[in-house]
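To start, the structure itself, in C-alpha cells.
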Amino acid sequence: MTHHVLLTGFEPFDQDPLNPSWEVARALDRWQPAVMGRAGDAFEVRAAQLPCVFGDAVVRLQAAIAQWQPVLVICLGLAGGRSEITPERVAINVDDARIPDNAGRQPVDTAVQLHGPTAYFSTLPIKAMVRNLRTEGIPASVSNTAGTFVCNHVFYALMHHLAQATTKDGRPQAREARGGFIHVPALPELAARHPGMPSMALATQVRGLQVAIETALSVADDVREVGGALH
Amino acid sequence: MTHHVLLTGFEPFDQDPLNPSWEVARALDRWQPAVMGRAGDAFEVRAAQLPCVFGDAVVRLQAAIAQWQPVLVICLGLAGGRSEITPERVAINVDDARIPDNAGRQPVDTAVQLHGPTAYFSTLPIKAMVRNLRTEGIPASVSNTAGTFVCNHVFYALMHHLAQATTKDGRPQAREARGGFIHVPALPELAARHPGMPSMALATQVRGLQVAIETALSVADDVREVGGALH
Amino acid sequence: MTHHVLLTGFEPFDQDPLNPSWEVARALDRWQPAVMGRAGDAFEVRAAQLPCVFGDAVVRLQAAIAQWQPVLVICLGLAGGRSEITPERVAINVDDARIPDNAGRQPVDTAVQLHGPTAYFSTLPIKAMVRNLRTEGIPASVSNTAGTFVCNHVFYALMHHLAQATTKDGRPQAREARGGFIHVPALPELAARHPGMPSMALATQVRGLQVAIETALSVADDVREVGGALH
Amino acid sequence: MTHHVLLTGFEPFDQDPLNPSWEVARALDRWQPAVMGRAGDAFEVRAAQLPCVFGDAVVRLQAAIAQWQPVLVICLGLAGGRSEITPERVAINVDDARIPDNAGRQPVDTAVQLHGPTAYFSTLPIKAMVRNLRTEGIPASVSNTAGTFVCNHVFYALMHHLAQATTKDGRPQAREARGGFIHVPALPELAARHPGMPSMALATQVRGLQVAIETALSVADDVREVGGALH
C-alpha cells in the first residue's frame, strides 16, 4: 500500500516570477522517499499549490488533504532574508499582515480561528530534521516564529485541521497524520534582484526537503537536542 | 488608593556585570506614572529582581505578585543583538536552553507547565506601546518570539499565573491584572565588549519603559495597527 | 596658546530633521579637551557644518581649515545601520553615489581628485581611539570602508588637503595637522522611524567624540592592536 | 593563439575541509570562455592554489603569473558571512590580521609593500560584472573593502605586481594584463556547521565566475552604473 505525503507550496507572491516553495514542491511531486512504513508500505509525495491569500489558501489546503488523505503534511513558504531551511516550531492564532496578500487582503490582529487555541506546536520532528539536514551539508535551523502573514495562517489552519480531523465514520485520525511548516530561503534568481538578500539554490532546497521528509517518515519521537533561542 | 505596577528584571547573566533589564526596573522602583485610574486612583511601580534560573525565577515572580497584588505586571529581559525595545506578542510552553542558566540548568524541549496550553498572548497593548514609543523617538517593534530560554519561561509562567489566579476568597482576579514581557537591548557598556552588538542607553530604556507603562495603564483595548512580520 | 581642533558634521540629509554628525559637533563647539600640548598649550574645539553636497562640502571644509588653522581635523558623518562609533581607516579616490545628494548631484565612478593618489590612510590613531572608547563603555570598531558617497568624498578631500597644505609663507604644514573621519550611528529619534535600525544616544556619541579627540591629542603613534577584518 | 586567464583560490583555511575559492578555481581549470580576442585568439583558464599564508601566497601567485603569462588574473577568496559574489573595488596597503593565518603569522598594521602606494583599484570591470551576474540570476554586489587579511594582501600584491611588471626585454606589460579580486560566499557544507551563515551552491559560484571572466574578457571600459555604498 502507498501512503501519501502532501507537500504544499505557494504561488508566486507580489512581483516575483517564481516562489521557491512551489518550485520545491513541484519538483518532488510523485517522488517516493527511500523509507518504508511499518508494514512495508511505501510513500509517495503529492504536491499542491496554495494561493498566497488569507482564507483561500486554507480552503485549497483542506481540499488537498481530503483528496490525498496524507499521513504527513508539510507546507512550505518563502522566508526572504533567511539563509537556511527552517522548520517552524509553533503556529500562533493571529493574522497580522504587514502588507496586502495577493488578493489585497490585509487582516490586522484578527484570529485565524475564532475559538481556536492560542497556538499549536508542529508535530514534525524539527530537531531531527535540522540535525539530518546539517549532516547532509544543508544549512538549517529551528525557527521559533513563522511570522503573522499567510505562512503562519496556513500553518495554524493545518495544525487546527489535523487536531480536529475525524474520518467519515467519526473516529479521530489526529494521531495518524503529522504536519508542520518549513520556511525556505529565496532562490538566487530572486536574491539577484534584492542586493544583500541571502539565497539557496533550488537543487539544495529540493535535496533538503527530501531529507526532511525522510526524517519525518522515519523518526517517531523527535530527538532532544540543543537548538533553542535565547530570545 | 494606590495600585501597584510590578516591574521585574533579571540579575546579571553569565559574565556580564550589569543586566539592563534590572537596571531599568531598579531605576523605576517607586516611580508614579502620570496616569490616573477610573476612580482617581494612583499607580506606583515596584521593582523585583529575578534570578536567571529556570524555576527559581518563577518562584520569585509569584512571591512578588503575592506581595504587591499588582494591577499590571511587566517582566523585562535582555535581548543581546536587538536594537529596539520589543514588547513580546506570545509566550510558548517550551523550555529549550541553548546554554546553561545561572544555576547550570539546561532544559531541552520540556514544557514550562506540564498541562498548560501551548501558548499565551500578552495582555499588554503591544501595538499601542510600539506606536507611543516611536512617537517619543524611541526605537521599538513588536516581537513575535521571546525565544525558548529563561525569558520565555518567565513570560509563560506569568501569563499562566494571571490566567489562573484567584484571590484568597475564591473570586477570580484574572481580568484585573494585565501582564506581558518586554525585551530590551544591551547597554552600551556591554556592547563595547562585543563588537557589532547594537545597544541602547539606559536613560533611553528607562524613558521607554515609562512610556510603555503609561500606555498599558491608559489603553483599554490595543490599537489595530499594522505591525506584523512576514516570517 | 590655544590650538584649534576642527570638528565637522553634516547638515540633515534627505528627509531627516536631524543629523547626529552635526548635533555632536555642535555640542562640542568651544569644548576644551583635558589634554595639554607639549608647551603647556591648550586646545579648543571649533565646529563647522558641511552641506551634504559633493564639491560644496569640500569648499566649506577648506574655508573652515583656513579660518581656524587647526592642529587636528575630525570630520563626522552618519552611518545609518551601524551600531558603533567607527573611525575610518582609509579614504578612496572615487565618488560613486547610490542616491542623489542634497543638491541632486549623483556622480558615478568619478575621481574625487583627478590626479590624486588612489587612497589616503587616516592619520588619526584609530586603534587607540577604539581601545579607549571601549574602555569607556562606548561601542566602537575600526571601519575599513567609508563608502563612496559624500562622507568618503570629504574624507578624501581632507586628507588630500592636509597632505598638500602649505602655509602662506610656503613652509609645509602637512606634518602638523592630523586628520580623519569618524562615522557615528543614527540617533534613536531617526531609528524610531526605521524599524530595525540600530542607534546611539546623543549623549553617548558626544562623550565618545570627547574620548576620541583626547586620544588623538595625546597619542603620538597609534597602538598596534588586533582590529582588522577578515573581509 | 591561446591566451591564459589565471584564476587562483586559497587552500582550506583553519578547520574547514573545503575552501570554495579553490573549488571554483579548480572546477574552471582548462575551461575555455566563449569569447574571442581581437585577432580571433582564444582564452583558457589556468587554476592555481595559494596557501592561506601572508607572504607565501604572493610568492606562489607570482610564480603562477610567471608560468602562464596571463592576460587576466582573478584571485578568489572566501568571505564567510557574505551572501553574494562580490568583486572588490580596492586593495589597501595594510596587513592587519584579526586571527593567525595557516602558518601562525598575524601581522598587525604593517604594510603589504613597504614603499607601495596606499591603495590600488581593481582593473576588472566590476560594475559590468555585477550587472551581468545579476542578469544571469546570480546574486552579486560591488564590495568596497576586501578586509585586511590574506585576501587583501594577495589582492594588493597582485595589483602592485601588475603595475610594476615588465617583460624580459624591459618593455612594460602593465597595460596588457588586467587583474583583481572577487570574494565568494561560503559553500552550504560550511554554512551547515555555522548556524545563520549564508551560502551559495558551488554550481552557482562556478557559473558566476564564468560570467565574470567572460565579462572581463569582453568589456574594455567598465560601465558607469549606480552601485556605490553610502558608508
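The first chain written gets the first letter, and so on, giving A, B, C and D; residue counts start at 1 in each chain.
In this text, a contact is a pair of C-beta atoms (placed from the backbone, for glycine too) under 8 Å apart; a residue touches a chain by one contact, two chains touch by 3 or more.
Chains and their UniProt names: A, B, C, D = Pyrrolidone-carboxylate peptidase.
Since we're looking at a predicted model, the values are computed, not measured.
Novice: With one step meaning two chains touch, work out the least steps from chain A to chain D.
Specialist: Tracing touching chains, the least step count from chain A to chain D comes to 1.
Novice: Can you name the chain that lies farthest from chain C, using the mean of each chain's Cα atoms as its centre?
Specialist: Checked the centroid distances; the maximum from chain C is A.
Novice: Can you spot which of A-B, C-D or B-C is a repeat of the A-D interface, where more than half the contact pairs line up?
Specialist: Interface equivalent to A-D: B-C.
Novice: Please decide if copies chain A and chain B contact each other with the same set of residue positions, more than half shared, or with different positions, and reply same or different.
Specialist: Same, since most residue numbers here occur in both copies.
Novice: Distance from the CA centroid of chain B to that of chain C, rounded to the nearest Å?
Specialist: About 40 Å, centre to centre.
Novice: With chain centres taken as the means of their Cα atoms, state the distance from chain C to chain D in Å.
Specialist: 31
Novice: Can you give the whole-Å distance between the Cα centres of chain B and chain D?
Specialist: Each chain's C-alpha centroid was found; their separation is 50 Å.
Novice: Which residue numbers or ranges of chain C touch two or more of the other chains?
Specialist: Within chain C, no residue touches at least two other chains.
Novice: Which word fits the touch map of the chains here: line, ring, star, complete or other?
Specialist: Contact map by chain: ring.
Novice: Give the pairs of chains that touch; include all such pairs.
Specialist: Here the touching pairs of chains are A-B, A-D, B-C, C-D.
Novice: Can you list the chain A residues touching chain D in their complex?
Specialist: Checking each residue of chain A against chain D gives 83-84, 133-134, 136-141, 187-189, 191-193, 195-201, 203-204.
Novice: Please give the residue numbers of chain A that touch chain B in the complex, ascending.
Specialist: 77-82, 89-90, 92, 94-99, 106, 108-109, 117-121, 127, 144-149, 151, 183, 222, 224-231
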